[in-house]
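One structure below.
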């Protein structure tokens, strides 16, 4: 198996792993971590599959991932501050159970 | 014709970005700067409309490279209507928020709102699925920050949940983009539409992208995040979230569905229709059960979003036009409603429905706005909502799938029930005098004006349909009926 | 809906949670398998857009293909992305002021480290920026290295002087996006498309944009680390 | 746009624009408001007169605005619509005068008169609608404009009545919408055509057409208060008297009945309806409604409630006249559209006068009231005899033609319905008249207001007198040109031509 | 040379497994601080993966942003989450709420 597909599969694994953690964990910090793991998974798929070329790997996918990394860190920063504010306002760094009534 | 050569669409993206930066740099002048930008954007959209009418659908290669290497912008009738909707609602919200926010809040509101507007315009104009991802993120972060602007536990929790959902949706979408890109070597929608063919990777991409976008569009049962976020945000923010932001992800979904996934098949369309019908009924029932006005309006958004998906199983031009009409009239009507709710909150300090009779009578314009918007929401003539209902019903009967009409009709009755439940308080006599804060006239009049727009949408249908047909976004004439 | 804290409901709750996790694992494994299958079904050779990039690399103004894509071919993405970064900062600032500094003294090690590392990091950032045109590196990498320097300074207790925490700071934050946008618009006004560099100036313009972007990215990331807007009077 | 195309729009605007202006008038500007109202009403009457004159001389009045692809917003004045337009124009003028007097000094008048004008606009729109979608549009507008009038007083009872009204009418409107859309998908047009546009339709299953007919009639039957869809009407009488008058005589109930006429004549065509076999069930429903309404009226002590049940019964005559397939009965039904309006509005004006002047709401309080308010009760008496069908009053003409037509069409059973109903009418009106004229009055009226030497205010007294006079006149002058009877004959010759 | 090419798949597989394992540990760790440290380690291994996939630009971006800054942000957020002053403000809020009710 060429490493491209190996790493792409690892990316898929990270994506689902992150999704699982995102759903089961209540603590917001863990949810944010989970989202970051998911993002890493997506980036890995993007870059790994870009290596299926003869010579130089596809630079467009690399550029997309660099864009993605910056977006991810921006979102993470906002999420972390928001988490702290939620903690201050409600006393817990968790979301209340869905108010389905 | 020099003015026809100006790339109006590009200006509609650049101006709000520049506006956002200048509002951020000089917070004391944020309000005039924002208003001027808003006006300029409206002019740009009008210019683009003129351009499209004269020259037909437009493609614009950013950087001069052209697809597939570069990023293309594309504007047809569908784009234009979305941009016009954003411009009208955006202008209304800009004026409304002059009165709504105090100096301290306005300082944060304006740059965020300008960023959001830029994101919307960029999104509607983009013809590149990765660029759409970036605009989605821009949109999502701006929306979350705006929700959190209200402060307070409810708003912060709502914003947090919204952020997580929004990021999850974007990631699903991005993974889909990755699969599509690596299948066909392009992220340009038109190029993909040419090259696309059914394969496991495409199906996976379709599943991921549709799921991600449905999550952001809050289609039942993925709507769980919407009521708390929309209801707890400041009123103008609630308005723009319900009117514009959820529509943006729907727009992407629609484009992908029409262009890249035409092979998706009837089963998936039926599933979307089913979820839409469930949303209509569930949202309507929940709206009826709410005790707080803004929560009620938020649930009604869930229901109205359901209507949009009824068009998928119908798959005819009439059906798509109907869905588009729901989208437009809901935007105007829901803006008016959230503004009205904002006025009531501003005036009386609460939005408990049972205590409304003490507030409502002092705000005749506001309640008129609410009632007019309600007429459109429940689909009574003459209003945009009625036209939408008519078109969808016609499409349902024509395609022989009359059962979708039942959801449509029941949804209309449910919304009639809650609209009149609220409006009924306008006619009760209040004994208790209420201590109140005067509502700025601009806030009342903008609410009314937006409601009038929702009504007028029902009277200028041929004109709007002519705009919509530029570039034939829903395919040729032949497939009607 | 808060759960009461006595022992029994918690165990019950735990077992229900375990069931839920198991139940969730099934569809998610199916998802993973499905996605994996989809990935494996892709052809093992695909050029993507690398040929297109290679064909146009010469007139892009830089020789590092990734930088060419980021700043030229798909520069519009990057423009919006700088917007995302600025927007995240705006969001953080709208949520409240930065917490007051608590650590009384940064400690000798950190102080020493920051004195040593900060100049080095700034140098590295400058190098990355310069080298980005023809080798791995570029504005984002340089900007984040710059931000690391900023973070170190912040950790060491340094705060921006009040005089600069107003408009100057905001200008620094906006510079990247502003210069990018300005260049894009000027190029458009000059008769081309948005962001259509004339090949002869492309290299210089890209370097200009990257320099501004590096500065802004560095400032913005460091400001994000601060976790709130700098308030007057919250520091020396 | 030339004059003939603009005239229908002007007729609408003559009440719409004053209405919109009135909404924004401050409460205390009584004179401005009243003059606006009256000017609009007079103008509308004049315009309607011009149109009648024009139609008689062969002109066509048609306004067409594009609404949807293939569907226009069509306003067209034909003979049937003019019957309704003239009726509503005259009665609106009268009711406006009455309402100005009735509501003097009460709160929220700007709101009231604003919706009042909208309500008439919608009614005239219903009358002038040239296709089903335009009809639907104004029909729903009518629902929306009358709701605020019904809940005007803001009491708990009024709100409940409003809620009931909405439940019925919104549901009805929905059925009408479904039927209309379905019809459109089958026929491809919705334009009213004499003798209908469906008989020539190929390929549409008659089952579908029957179902659509039921949907349309059910939607319209809600407003026309056919049983079992009448539940809202008795409750809605909590509204102020001018509103009740308007609701029962001109606007809501009539819009329903008028719609049924349109659907049977100009959508399906009377012959095609008979072929489909839908007319007999319709006639039976109408007959049942006539009897049921009269029976219920017999047992009401509340005057307005008794009148409300009477309305249910009387409006069904119109439907009955249509459903008996035959030209003579049709004349009876159509002419009753006008006659019932004139008579019923008189009765409600009088009931309002009694309530406003003496505080009388119940029939048991009416003993001897004829001596205290002779003019009012005289008007009431004329209208009541008209309702019973005594010659030569308006009601007699209607019933005569209905009976004759039934025999002519071979539907003898209708005679028994008419006779029974007349007996019941007499049964619930005569005791009132007897009590009012011949019984001795109680010591004091429930809540008397003094109006100097007159029995009540001029604005309250003049309208019922005018309409009572009309009741007399349309009966006596039935054979004169331009009388409602002659106009109804003119319409039926068109429908039953060939 | 021969051994290197032979070792590459082994290395790739090990790296992929290590990525998944670290992500799993980071998301499942009961201690938040440990979770963050594991996440940073995960980021460092991601850098290796990028290098293996011939994406040096992405590797640099990941090293600086994905690992360095995100890690710093996460640790700072955790510090604030556990810090006394925020906890105090929570307490104050709670007391205020009690006073309100």
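We call the chains A, B, C, D and E, going by the order they appear; numbering starts again at 1 in every chain.
Basically, a contact is a pair of C-beta atoms (placed from the backbone, for glycine too) under 8 Å apart; a residue touches a chain by one contact, two chains touch by 3 or more.
Just so we're clear, the structure is a prediction, and the values are computed from it rather than from any experiment.
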Could you run down the chains that neighbour chain B and chain D together?
-> none
Would you identify the chain whose C-alpha centroid lies closest to the centroid of all protein C-alpha atoms displayed?
-> B
State the pair with the higher C-beta contact count; candidates are B-C and A-B.
-> B-C
Whole-Å distance, chain A centre to chain D centre, using C-alpha means?
-> 68
Cα centroid separation between chain C and chain D, in whole Å?
-> 72
Centre to centre, by mean C-alpha position, how many angstrom separate chain A and chain C?
-> 15
Taking each chain's centre as its mean C-alpha position, how far apart are chain D and chain E in Å?
-> 76
Which residue numbers or ranges of chain D touch two or more of the other chains?
-> none
For chain E, write out the residues touching at least two other chains, lowest number first.
-> 57, 61, 65, 69, 73, 76-77, 80, 86
Pull out every residue in chain B that's touching 2 or more other chains.
-> 130, 134, 137, 141, 144-145, 148, 175, 179, 181-182
In contact (per the touch rule at the top): chain pairs = A-B, A-C, A-E, B-C, B-D, C-E
Note which residues of chain A are touching chain C in the complex, please.
-> 2, 4-5, 8-9, 12-13, 15-16, 19-20, 23-24, 45, 49-50, 52-64, 66-67, 69-71, 73-75, 77-78, 80-82, 84-85, 96-97, 99
Spell out the residues on chain B that touch chain A in their complex, using ranges where they run on.
-> 130, 134, 137, 141, 144-145, 148, 152-153, 156-157, 159-161, 163-164, 167-168, 171, 174-175, 178-179, 181-182, 224, 228, 289
Considering the complex alone, what residue numbers of chain A touch chain B?
-> 15, 19, 22, 28, 31, 35, 38-39, 41-42, 45-46, 49-50, 52, 60-61, 64, 67-68, 71, 74-75, 78-79, 82-83, 85-86, 89-90, 95-96, 98-99, 101
Residue set of chain C touching chain A in the complex reads 1, 17, 20-21, 24-25, 28-29, 31-32, 35-36, 39-40, 42-50, 53-54, 65-66, 68-70, 73-74, 77-78, 81, 84-85, 87-89, 91-92, 95-96, 138, 140, 217, 221, 224-225, 227-228
The chain E residues in contact with chain A across the complex are 8-9, 12-13, 16, 19-20, 23-24, 26-28, 32, 35-36, 39, 42-43, 46, 49-50, 52-55, 57-58, 61-62, 65-66, 69-70, 73-74, 76-78, 80-81, 86, 89-90, 93-94
